[in-house]
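Each chain carries a letter (A, B, C and D) given by its place in the written order, and its residues are counted from 1.
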Amino acid sequence: MRRTLKAAILGATGLVGIEYARMLSQHPYIKPAYLAGKGSVGKPYEEVVRWQTAGQVPKEVASMEVKPTDPKLMDDVDLIFSPLPQGAAGPVEEEFAKLGFPVISNSPDHRFDPDVPLLVPEINPHTVKLIDEQKKRRDWKGFIVTTPLCTAQGAAIPLAPIYMNFKMNGAFITTIQSLSGAGYPGIPSLDVVDNILPLGDAYDAKTIKEITRILSEARRAVNDPPMQEVSLAATTHRIATIHGHYEVTYVTFKEDTDAGKVREVLENFRGEPQELKLPTAPEKPIIVVDQDNRPQVYFDRWSGNPPGMSVVVGRVKQVNARTIRMVSLIHNTVRGAAGGGILAAELLVEKGYIE
Amino acid sequence: MRRTLKAAILGATGLVGIEYARMLSQHPYIKPAYLAGKGSVGKPYEEVVRWQTAGQVPKEVASMEVKPTDPKLMDDVDLIFSPLPQGAAGPVEEEFAKLGFPVISNSPDHRFDPDVPLLVPEINPHTVKLIDEQKKRRDWKGFIVTTPLCTAQGAAIPLAPIYMNFKMNGAFITTIQSLSGAGYPGIPSLDVVDNILPLGDAYDAKTIKEITRILSEARRAVNDPPMQEVSLAATTHRIATIHGHYEVTYVTFKEDTDAGKVREVLENFRGEPQELKLPTAPEKPIIVVDQDNRPQVYFDRWSGNPPGMSVVVGRVKQVNARTIRMVSLIHNTVRGAAGGGILAAELLVEKGYIE
Amino acid sequence: MRRTLKAAILGATGLVGIEYARMLSQHPYIKPAYLAGKGSVGKPYEEVVRWQTAGQVPKEVASMEVKPTDPKLMDDVDLIFSPLPQGAAGPVEEEFAKLGFPVISNSPDHRFDPDVPLLVPEINPHTVKLIDEQKKRRDWKGFIVTTPLCTAQGAAIPLAPIYMNFKMNGAFITTIQSLSGAGYPGIPSLDVVDNILPLGDAYDAKTIKEITRILSEARRAVNDPPMQEVSLAATTHRIATIHGHYEVTYVTFKEDTDAGKVREVLENFRGEPQELKLPTAPEKPIIVVDQDNRPQVYFDRWSGNPPGMSVVVGRVKQVNARTIRMVSLIHNTVRGAAGGGILAAELLVEKGYIE
Amino acid sequence: MRRTLKAAILGATGLVGIEYARMLSQHPYIKPAYLAGKGSVGKPYEEVVRWQTAGQVPKEVASMEVKPTDPKLMDDVDLIFSPLPQGAAGPVEEEFAKLGFPVISNSPDHRFDPDVPLLVPEINPHTVKLIDEQKKRRDWKGFIVTTPLCTAQGAAIPLAPIYMNFKMNGAFITTIQSLSGAGYPGIPSLDVVDNILPLGDAYDAKTIKEITRILSEARRAVNDPPMQEVSLAATTHRIATIHGHYEVTYVTFKEDTDAGKVREVLENFRGEPQELKLPTAPEKPIIVVDQDNRPQVYFDRWSGNPPGMSVVVGRVKQVNARTIRMVSLIHNTVRGAAGGGILAAELLVEKGYIE
């Protein structure tokens, strides 16, 4: 029987913080033990949190006091989940890692440090060994592991098995993303009522950059070399949905490729988390649906078990001999953030990086 | 000085009908003379119309009585605008054409009759000569001219000049469409609150079919043969915007193609309506914008002059040597329906088909 | 130990039907045994249902086949839940009652039959004795019990304890209701995007009529006579919220009345379901909140346990010596429909009307 | 012929600033001559403005350069319109007034200075004489005139004629307000998607406070004493509408009062702006509608001429002998802000305070 690990959630009242609180309240061995916040220190979590997710504030955390983001107060904490915002996250995460904490970060600040994993446990689990290098090079007792941008995961999770199994050439993505991805207060209401908000070149570019790294690390076997180069493009938007990033992807191939076989590969995709039966691993990382009006954000974003951990893929269709269209839907704050972070932690526990 | 033409608007209280009423109220020589409706016959237009567009009900039509769709009552009518729904439109339009009326239809029922033009005046004006064949073959005194599906026009209008000027290979389209395209009552609210509604395979297919015909008729010179075959795909959706279809298109080419040159071709595109200075022809059929957060539905759908007649194209960007991304926004009930219909009528007047 | 009762849900794929399916899947002794539908007969529930509520389709009902609304097929069914639409409900419910089934109806058709209870179990439980009269007069083996319009319950549940404890004079209500109250397809999207839809005189009137009956049956003791007459008004609207009716009520009194005491009465209100510890009875039928930005529809509609069974009341405030303002929020398809129906069934079981 | 006045618009790129720019571009004698902004100084107005209103940026202002809020640059400016935000407005407006500028302010900072008019030109035009006192007491060459909170105007404009003509006792108001009233970025989207946002006690209180002052200044004749005291309450909310504040008001009376007569008084209400035929005065300050599903925000907010200057009142109905219900809709950034400010300026010109 595994010993219980005590987790601190930084930014615990934020939109990803609440998903950590919700999911860890039901976790078999990682407990929410420390809720760090900013404006609300000293108050009961339940009183200050904006519970923009399913259900009600769990009793496990409801009356916990929100505390400062201060490692000196975290003596008995075993690991840190950090969904802090860009810029704020970087130095804080470094400080915790230096002091010996394992830090699972959903923030962009360290995503492209060459010795920091950008981990999607089903796709590039072998990258956890970067941690050894990271600790040595930086002379840290702890370490930082990052998870990718939710938008990048929504496309990359279905693209990875395609990339690994077919001679993929490129992917042209259009996203229709939800509001929760931008935090609170986040997107002004006047930007999304009777409107579509384009996220612009910088957001498009970072989406592509992250997908590119994830795919370059996707292997069929641990020692495989990186595979072919691909040409990616993303056009990103937000509209007035609360949770769930919806992404339309046209995938091109270097040779004739059959949509039926692509569909099969997607449906049968499993990764190390499934083999290891990690508690937060959904049975299927990708659920394929066949009705031509699905996935729909409202009805499918909580798919899988735990809810929200499976990416739903639909509309898999031959465009021409070398082009296939698919649509994917990811719960951005679950699989795309907190759930992905917890799954990463479980993998690290399994591999002995967190004890 | 051109004589005034009297127009009947069928379905005058519908979402396209109101745009006809609005635009014709300000037209230099086509007057709204007969407003045909169904449930509201005998009542003043103003009282029964749901004015889901800009401004207020124009005084020119406000107190006009809604009348039945009956050619016997239309003795002094010179032409018919028919935005009737699919199925209902077909036989009614035939009856009017047989009786000698020129019918401009926004309905799908006759769009693929081989002797009926599917007219976008800037792109395939030469197809009006199908009317001669139509009248002869059917032994009609009048005729039917159709305009394409709004969604198809939103992509086809910018694709046409690209197709005519570059060795285009294919186009992969994702649409985010507004509610007014589906009429009233149209889309149930529970389909689009906190949701995205996929329109499904049939809608995708008809979009492609219409774009294919339009491009195949796009020529640089009237006598040019049809150009290359292209591979098209569309993934169509509706969300909770009121007017304006937003479409992201990845265009692929058979040879290296420069986004800057594509942008230039789009910006400089003019058609016969511009040369003829037709009253409803916008100065530029395509307005190119360069900010990376435009076009936006709320702010750009009424672009051009008359408002809503220009398609706004933005985000024109090189993806790779042979792929370019662009975004287009069309006011679906104006350029994509009533405005397109009026422009078609003006072209037909100019060419002597309506007298 | 109570024996298990088998329930049929009529209109099981509708917006109230799904709440019955969800709640009964977790019920200690009432099981969802028969799912009746219309267009989807013969198909697995999961495949045809539009699951516009919390969570996913429960495994208890997911693969059940949808069947016709035919009593001959319901031999082993013990009770009927009928959220059928107005008009359709009436004759069907009568037929079932005649055949011996207890029918719990959320439909308006029999709400004002003088021998049919309009039951809110916390407020007028004594009206169940109308069943004896109903069965005798109509010579039925079964019976019909109705629950009130969700909108009426949202105001009546907090008004009842006020009415019973203070010399209430009148109540002036303004509702801002959600879309699910109108079913699916229900409200056209173009009615509620950038708009507020007034529900009109007839809806206002039926809301008042039902509140009036409920209050007239509210007693402190079973044998109390009806209390004072009150003057009620309601102005009802729908907007683009999915679930949750929000109602602002100004209550006037015949004598000086203290808001603090009203608040106390609301908070301490309990009814027979609480005394009997019925499984679907929330600990508190009314949860009073004190923050001046609550209740909020998104955050508070699932309040209570079972979730959605408590009405949340806030903003209780003295306007002047004889006027108090309060705001109430009811989950319209749970407490206002399916949950209220199940609670009614439990009361009827407890009182021996269902065996 | 009146000489042309040159106006500066402070905060010209804000949501009220754009309405000033739009309306003054068509004004017969007040011209938009100076557009003051903050982050966008030095750029063409058209390029930096977020045109969240009807039509497109008018050519009269499109290419004007945005300039700093600096009186030294405003030598040829005749009057100042100040829709600056609370706190920022106060000192700036004082500085301008001290330097001799007439300042029309839509900001709350000076609304309750005893020598500053809180002007609704149809209701309390006699309060302009406070300007004389203001200039003398403060030894200013210029002066400040304020207009009330949009929310307060939406209720006060119809309440004033009722107050003046009947023995009004109280008014219990529930507002459902639009997003533009809170400026940009303003309300976070996550507060209003599938939600209703209560504005809280402070907002309720300031609404009442302003209505109270306006009513206390409403007279049938200039020299009438203030009339009866009234008891007011407001419960204020925002939802996802873009423009238009919708308000439900229950009005109580000290004696039996007939709804038909109240309706008549509302319909026939005219004020000094109508008598003086001020250019921005709508023919009817209040337009009464009788359909039981009107007013609707989307369809009625631009009512009147100039569009948006009339308050639309509907649902006027007897609740009981001494209570009447009505609903009012005000275009918050037009009649409730910029349009009200321009009308105030016209009155001040007419009365010789601006020359």
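The rule is short, and it goes like this: a contact is a pair of C-beta atoms (placed from the backbone, for glycine too) under 8 Å apart; a residue touches a chain by one contact, two chains touch by 3 or more.
Because the structure is predicted, anything quoted here is derived from the model rather than measured.
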> Which chain lies the greatest distance away from chain C when centres are computed from Cα atoms alone?
Replying inline: B
>> Of the pairs B-C and A-C, which shows more C-beta pairs in contact?
In response: B-C
>> Rounded to a whole Å, what is the gap between the Cα centroids of chain A and chain C?
In response: 40
> Whole-Å distance, chain C centre to chain D centre, using C-alpha means?
Replying inline: 42
>> Using mean CA coordinates as chain centres, what's the gap between chain B and chain C in Å?
In response: 48
> Which residues belonging to chain D are in contact with no fewer than two other chains?
Replying inline: 52, 193-194, 240-242, 298-299
> Considering the complex alone, what residue numbers of chain B touch chain A?
Replying inline: 170, 172, 174, 176, 193-201, 231, 233, 235, 237, 239-242, 246, 248, 250, 292-294, 296-299, 315, 317, 319-320, 323, 325, 327
>> Help me check something: in the complex, which residues belonging to chain B touch chain D?
In response: 50-52, 54-56, 193-194, 298-299, 302-303, 307
> If you look only at chain B, which of its residues touch chain C in the complex?
Replying inline: 52, 179-180, 184-194, 240-242
